[in-house]
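Lettered A, B, C and D in written order, each chain numbered from 1.
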Amino acid sequence: MNGVKVLLFGAAADRAGVRQTELSVHSGVTLGELWPILVDRYPALVPMRDTLAFAVNGEYARMEDAVSPGDEVAVLPPVSGG
Amino acid sequence: MNGVKVLLFGAAADRAGVRQTELSVHSGVTLGELWPILVDRYPALVPMRDTLAFAVNGEYARMEDAVSPGDEVAVLPPVSGG
Amino acid sequence: MFRIVEESIDVGALVTGAFRPDCGAVATFVGTTRVDESSGASVEYLEYEAYRPMADRKLEEIGAEIRERWEVGHVSIVHRLGRVDPGEPSVVIVVASPRRGPAFEASRYAIERIKEIVPIWKREVWSDGYVWVGSQVGTRSRHEGRNTASLR
Amino acid sequence: MFRIVEESIDVGALVTGAFRPDCGAVATFVGTTRVDESSGASVEYLEYEAYRPMADRKLEEIGAEIRERWEVGHVSIVHRLGRVDPGEPSVVIVVASPRRGPAFEASRYAIERIKEIVPIWKREVWSDGYVWVGSQVGTRSRHEGRNTASLR
């Protein structure tokens, strides 16, 4: 497959209205390049941008980190456990 | 009665060999004046002097505080609860 | 022992399970649902969700950080998911150490780190709507100074 | 609730008994008998005694000091007397507060104050004699840098 699985949590899932989606990407795309594709589909996420963190395959990642088809990307609002 | 009850605890009871005794005093004697009478009876207490605190009727007291017949004096080594 | 659970937490068993003859101090922190109140509304319960297994791994990382920084004989962290009613525990941290200083410091460190790095989220369900804590996203609009409405 | 007891302490009941809907944080400290070792000898158990009822009153005073200094919903302190075996609790402190900062600070304060003002004494019973902690009076003579022998 040439998609990445995108998981959304908490307020991000709430605003997007989905908890999971799949985006088609070419290999080597960065998280920063993935974001416009995601918000194109879920524009309600736009105002959350500055509060979000991201994980790739279960580890925190930066916007310049690359994503490959088959990866799992997670959209993480500010954590609030405890 | 014209005695004060003296209770000893922990290391003080250990060194004196008793947990309780009674000393005859005149009214208005201070704790500081009581001490020589006590160590006359239990000389093994002498080396502990600087480590001890005292209570009169269940509250911490200073050496200049007065003791009256009927009072309860407690000889308190450094506390080590917890 | 680091666990994320769906059911209620047996706090007593966790605490007594930390007692060891080589430790003289056991510090425990329990986070419980607090009924906040404002403008006539109140919190009815909290609801937690997690990104697993990342959240499980982050709890283990916190345990490893603690063992690097302090001399501890036992660390356990259990976090609950789903609905947690008022006065019920959502998180329990237990640290045993030979001495009390490290036990206190490590247990405090654990809860602060949980709130920083573990992908768990809580939703306050109020009598008049809900709020995702930290994001201020939700359905409450009438009361909060926290700008719940502006994001909707 | 402030108590001095002769029997073993039900730690789980004390902790869960502090959960309240108006508090979000419960900090607990448990002091347990630690098996210290030196020069081939080891601690076999601790033995505690108290000057009562002064000790009971001092525990209550510590509770009052805590309520003056911090916003707390619940404070309990239980201290055990007599023989306390390795890994067994001698003291349990539980503080519930709306927020975690005061809960941590108050529970730490409680144990420090107990060690300062509550007339309770502990004797370490070693495999080769005993020592009154703090006084260094006892029957151990061969090992300690603490001048056990010089006072005898």
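Operating definition for what follows: contacts are C-beta pairs under 8 Å (C-beta built on N, C-alpha and C of every residue); 3 or more make two chains touch, one makes a residue touch a chain.
Since this is a predicted model, take the numbers as computed values, not measurements.
Trainee: Spell out the chains that contact chain B while also contacting chain D.
Mentor: Both chain B and chain D are touched by no common chain, going by the contact rule given at the top.
Trainee: From the C-alpha centre of chain A to that of chain B, how far is it in Å?
Mentor: Chain A and chain B have C-alpha centres separated by 74 Å.
Trainee: Using Cα averages as centroids, what's the distance between chain B and chain C in whole Å?
Mentor: 50
Trainee: Taking each chain's centre as the mean of its CA atoms, how far is chain A from chain C in angstrom?
Mentor: Their C-alpha centroids are separated by 25 Å.
Trainee: Could you pull out the residues of chain B that touch at least 2 other chains?
Mentor: Residue numbers touching two or more other chains: none in chain B.
Trainee: What parts of chain C, by residue number, touch at least two of the other chains?
Mentor: Residues 31, 111 of chain C each touch two or more of the other chains.
Trainee: If two chains touch, include that pair; go through all of them.
Mentor: Chain-chain contacts present: A-C, B-D, C-D.
Trainee: Quick check on the complex: what are the chain C residues that touch chain A?
Mentor: Per the touch definition, chain C meets chain A at residues 31, 48-51, 53-55, 57, 79, 90-91, 111, 114-123, 132-135, 137-138, 151.
Trainee: Taking the complex as given, what residues does chain C use to touch chain D?
Mentor: Listed in rising order, the residues of chain C that touch chain D are 10-13, 15-16, 19-35, 86-89, 96, 98, 100, 103-104, 107-108, 111.
Trainee: Along chain A, where are the residues that touch chain C in the complex?
Mentor: So the residues of chain A in touch with chain C come to 7, 9-12, 14-15, 47-48, 51, 55, 58-60, 74, 76-82.
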